[in-house]
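Pasting the structures in now, so scroll down.
What follows is subunit A paired twice: with subunit B in the first complex and subunit C in the second.
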Partner chain A sequence: MNSIIVLAVLGMLTMFLGITNRKKWILPVIISGLVFALIANALEWNKNTHYYNDMLVVDNFSIAFNGVLFISTILVLMFASTYYRTVERPLEDVYALMIFSLVGGVCMTSFGNIVMLFIGIEILSICMYVLAGSKKFDLASNEASFKYFLTGSFSTGFLLLGIAFLYGATGTFDLVKMNTYIFLHANELPLYFNVGMLLVMVGLSFKLAIAPFHFWAPDVYHGSPTLITAFMATTVKIAGIAAFYKLFSSCFISVLPLWTTVLSVFAALTIIIGNVTAIYQTNMKRMLAYSSISHAGYLSLGILAMNNFSKNALLIYTLAYAVATITAFGIIILVRGSRNNDDINTFNGLAKTNPIMSFALTISMLSLTGIPPLAGFIGKYFIFTSAIESGYLWLVIIAILGSALSAVYYFKPVIAVYMKKGEWEPVVGTPSYKFIIILLIVLMFLIGIIPNTFVLL
Partner chain B sequence: MESISNIVQYVPLQQYVIFCIALFCIGVVGVLIKRNALVIFMSIEMMLNAVNLLLVVFSVYHNDPAGQVFVFFVMLVAAAEVAIGLALLVLVYRHTHSIDVNFLNKLKW
Partner chain C sequence: MITGLLILFPFLAMLALWLTKDARVARRNALIGAWLQLPVAIAAICLFQCNGFREIIYAVEWIPSMGVSFNLALDGLSLLLVLLTAVLIPVIVSFVPVQNTSSPRKFYALIFMAQMAMTGVFLVRDGLMFYIFWELALIPLYFITALWGGENRIRITFKFFIYTMAGSLLMLVALIYLYLQTPYPHSFDFGALYSVALSTQQQIWVFLAFFVAFAIKIPVFPLHTWQPDTYTTAPYAGSMILSGIMLKMGIYGIIRFITPLFIGTININLEQTVLILALVGLLYASVIAIRQDDLKRFVAYVSLAHVALITMGAIIGNNFALQGAGIQMFSHGINVVGLFIIVQIIEEKTNTRKISQLGGLAKKMPLLAVLFMIILLGSIGLPLTNGFVGEYLLLYGIYQYNVWMAAFAGLTIIFGAVYMFKMFQHVMLGDKKYAAELTDIGTREATVLIPLCLLVILIGVYPKPLIDMIQPTIENILNVITIAH
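Moving on to the complex of A and B:
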């Protein structure tokens, strides 16, 4: 709750800084504000406070996921000065929208009432529609934002119909009351309860790009400005998966067989479609979009597992995924800045003149594949063990085959960087660029080597 | 003078649910087959309004005001969404001089 207040104030402050044209101040103020929000968030640890008639319930689960959200936003914003180095104006609108969308993300991780979940999703999505189109004079960006808007509001309709049916079946929006009602009346629930639950699942799957509702993701990720894509690929996914887990673990745990079958089919489809389609991509951003689809599949394994350890598994997986994805996008930002192109061939021969960048790209790709001792391996290990514990062995086999397949496309840019020939001058980012890249590499190793420090829940 | 909630209950719940689902499906079909962006917006609005009606009916039958309050949230969000959507449509129109969504085919693999 405190973090929502800090973020809302920070967003308004950002806009005021833009009005008074203080371009130099804007990023330092935002990043220190986000650090402040991170601290305000951490101070509520173990307190388990309820606000406004249980509309917001801040427990350790939400605090941990808020932490991942804030950290990944800070990391994305560190690249902002490099990405926008040719832009003259202060860009307060873009930054403010990013911060306001975080408010939505916080609502999604800490809701205690389905109304709050809906509001959170909408705050996050509406800001994202605008951010995706923030490159106003670029047709690709306009198209991406328009497609995102159409599919997003279409899925909102499904989510709402699902919520209405759930309300009709149980007579309440409150998670605790709904859970008690479902637990007591598990055998006499009307048909539209099942329909409602599945529709809510479909609505959330749209937002998370889980197959067969993933078709918008590649276009949107490709067309949006790269910095925004990095933000979208991390924040929306983290907040969405947290909301998904929180809703289904707190409400529908007593009717497991009704939804696990559907979700396990979705998860298997997502892993297969995401990994197979990614192999054929020649564009780096599009490939990462398909990779993010397949990661949504692995994450839904964590939701299916629904045991004591799956919360931690999801937390570590999201953290590992966020760090690796942000690193990859950070490299794309710089490459695109000097070549104005993000095809995989553009990366040819980067390693000779830019060793650190190439190393970071390699590490992030290896981490996304899940090679030990990197962060991605630990994330996958936790998710898969917790899924096996709950008896989803067949799904884990599909997931492992999928990750083996993913090596094919994750190694493409690595091969391009080290083996292929190409002319590259040393690319220079802003002074902070090298620092943040090294920080990200260290983080990826750190999460992989001492994962138990991050086991919080 | 009968209260409005009694009047609503003249019609059985089943029929309201069927009507709302029909309205929702018309909206879905509209989004899927129409190529004019404004008509798509209208269809989305129709989906949301079907949900609103359903929420009101359920709230009357459960004798619980929460559903009706939620309708206001939905309306608010729908208004915000349309505002954003029309702004995005203007941006697209400046490039393509058309509001046909088939023109949006630059991003493909």
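Moving on to the complex of A and C:
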């Protein structure tokens, strides 16, 4: 709750800084504001407070995921000065929208009532629709925004319909009351309860780009401005997966068989489609879009597992995924800045002149593949263990094969960078750029080497 | 403590090399780093003997909530392979060509990273750590081959990477599965994993997952298709690490996991199928080796034939077979690295490695011919060379298990003599086909080859210390098997 207040104030402040045209101040203010939000968020640890008749329930689960949200936003924003270095405007609108979308993200991790979940998703999504189109005169960006808006609003319709059905069946929006009702009446729920539950699942799957509702992702990721893609690929996924887990673990745990079958089919499809299609991509951003689809598949294994450890598994997985993805997009930002292109063969021969960038790209790709001792491996290991423990061995085997397959496309940029020939001058970002890249490398190793520190829940 | 040092040393060497800027300094530092590790390994042997051949254990908690710990233990088998690594890495490092390597610091750093990971594999007693080191060893080898390799390297290393990674992921599933069968709170400790009771059906699947992972690494027919290409394409140092040390990870894995967990309890048909696959691979590789023209590819197939026999011994898992597997792992490491070094010398001197274009080298290079002959005899398995001890024990172990298999496996000695002597004749003896001015090997070559040749003879004449060292470990493993019955 504190963090929502801090973020809302920060968003307003950003806009005022824009009006007074203080370009130099805007990013430092935002980043320190986000750090402040991070602290305000951490202060509520272990308190488990409820606000506004249980509309918001801030427990450790939501605090941990909020933390991941804030950290990844800070990391993304560190690249903003490099990405927007040619832009004269202070860009207060873009930054403010990013911060407001975070408010939505926080609502999604800490809702205690399905209405609040819906509001959170809407706040997040509407900001994202605009952000996707924030490169106003670029055709691809406009297309991305439009596509995202159309498909997104469609899925919102599903979600809303699902919520209405759930309300009709149980007579409440409150998670705890709904859970009690479902538990007591597990055998006499009307058919439209099942329909409602599935519709909600479909709506959330849309947001997370879980197959077969993933079609928007590649075009939107490709067309959006790279910085926004990085933001989208991390925050939407983190908030979405937290909301998904929270809703299904607190409400529908007593009717597991009704939805696990469907979700496990979705998960298998997602992993297969994401990984296989990614192999055929020649564009870095599209490849990462399909990679993010496949990661949504792995994450849904954590939701299916639904046991003591799956919360931690999801937390560490999202953190690892966010750090690695942000690193990859950070490199793309700089390469695109000097070449105006983000095809994989643009990266050819980068290692000769830009060793640190190439190393960071390699580490991030290896982490996404799940090579020990990097962060991605620990995430995958936790997810797979908790899924096998709950009896999803067959899904884990599909996921494992998917991981092996993923090496094919994650190694493409690595091969391009180190083994292909290309002409490069040393590419330099702003001074903070090198620092943040090294920080990200350290983070990827750190999460992999001392994972116990991140087992919080 | 010493076990920790064994892993820490290559790690420090890797960091030091990574930070070295000057190419010449890099080579000097690499040599110092590589040779310094030999005394550490020897110190480990002394400590192990002072400890009365009992395991030296060193454990730190890593993820306590999941029962994962950084659990290192030094027993005979681990020590044997750690020693092999510590002996071969300096040899390999000193034999890296000085001029031809671009950015040598990275090259050496990757070699040390591989050494660290492989030493880790041989020392850990925790399932997850085993997987981590196992996978970590793949990365440096991938980059060594892909960055400094020969033609077609990108495609070939890619195949190698995907193949091995798929295998090791299967192993990860098997390990997690076993881990979840341990009593709550679960533990990845090897002891806990050994005591898991599996049903027949579960056993078959877990066995297959483990076997495929190890079989890809070794490699065992029909999962070997990455091997000849990769050995041929990799730079010599890479081929030496792959064949000399890395494939021992697979055999080691079989002895550590498959032998204690499954031998005697697994479906007999499955066990025999696996053995027959290894046997087929042995004969197949031997036949191909006879017809091989490229010397590097030739060594790759020779290695394939030899490790097939070791694999059979490791899977049969009786006392003699395991002793033989241990000794032969060590001997094979020395012999195959020796062969690769000789091929490298020949290629450096004559610019070709086609057997058909070579001939009569012995006249110009008498010392090389003698050293070549010793290593060749060692790998054929002539009595009083290291190959004999291992192969004899292995064949005896296989004979105890099944006479017919021993009979066919015994063909390896005949085939070995055929392809080896045929190659030697064409390359070293006969008419001089090669016109270039040749000089005999100098100090750089001799300082590496002579110690290897001495080891070949030493182990052949007096293998007792090695056998004594691994015997207690073998008994432990056999105990695990008897307890399981």
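Rule of thumb we're sticking to: the second predicted complex is superposed on the first by the 457 of 457 C-alpha atoms of A that agree within 3 Å, B and C clash if a C-alpha of one lies under 4 Å from a C-alpha of the other, contacts with A are read in each partner's own complex, and residues count from 1 in each chain.
Note that in this section contacts are C-beta pairs under 8 Å (C-beta built on N, C-alpha and C of every residue); 3 or more make two chains touch, one makes a residue touch a chain.
These figures come from a predicted structure and were not determined experimentally.
> Once chain A of both complexes is superposed, is A:396 in touch with subunit B (first), subunit C (second), both, or neither?
In the superposition, A:396 contacts subunit C only.
> For A:452, is the partner it touches subunit B (first), subunit C (second), both, or none of the two (neither)?
After superposing on A, A:452 lies in contact with subunit C but is clear of subunit B.
> Looking at the overlay, what does A:29 touch: subunit B (first), subunit C (second), both, or neither?
neither
> Identify which of subunit B and subunit C touches the larger number of residues of subunit A.
Of subunit B and subunit C, the partner in contact with more residues of subunit A is B.
> One more residue to check, A:385. First (subunit B), second (subunit C), both or neither?
Second partner only.
> Kindly classify A:176 by the partners it touches after superposition: subunit B alone (first), subunit C alone (second), both, or neither?
A:176: touches no partner chain.
> Touching A:8, do we find subunit B (first), subunit C (second), both, or neither?
It touches nothing on subunit B or subunit C.
> Report for A:415: first if it touches subunit B alone, second if subunit C alone, otherwise both or neither.
In the superposition, A:415 contacts subunit C only.
> Return the residues of subunit A at which the contacts from subunit B and from subunit C coincide.
In subunit A, no position sits in both the subunit B and subunit C interfaces.
> Spell out the part of subunit A that touches subunit B in their complex, as residue ranges.
It comes out as residues 115, 118-119, 122, 126, 129-130, 133, 136, 139-140, 142-147, 149-150, 153-154, 156-157, 160-161, 163-165, 167-168, 171-173, 192, 218-219, 222-223, 280-281, 283, 286.
> Which subunit B residues qualify as touching subunit A in the complex?
17, 24, 27-28, 31, 37, 40, 44, 47-48, 50-51, 54-55, 58-59, 61-62, 64, 66-67, 69-70, 73-74, 77, 80-81, 84-85, 88-89, 91-92, 95-96, 101, 104, 106-109
> Can you list the residues on subunit A that touch subunit C in the complex?
Touching subunit C from subunit A are residues 309, 312, 366, 369, 371-373, 377, 381-382, 384-385, 388-389, 393, 396-397, 400-401, 403-404, 407-408, 411, 415, 418-419, 451-452, 455.
> Touching residues of subunit C toward subunit A in the complex: what are they?
Contacts found on subunit C: 62-66, 128, 131-132, 135-136, 138-139, 143, 146-147, 153-154, 158, 161-162, 165-166, 169-170, 172-173, 176-177, 179-180.
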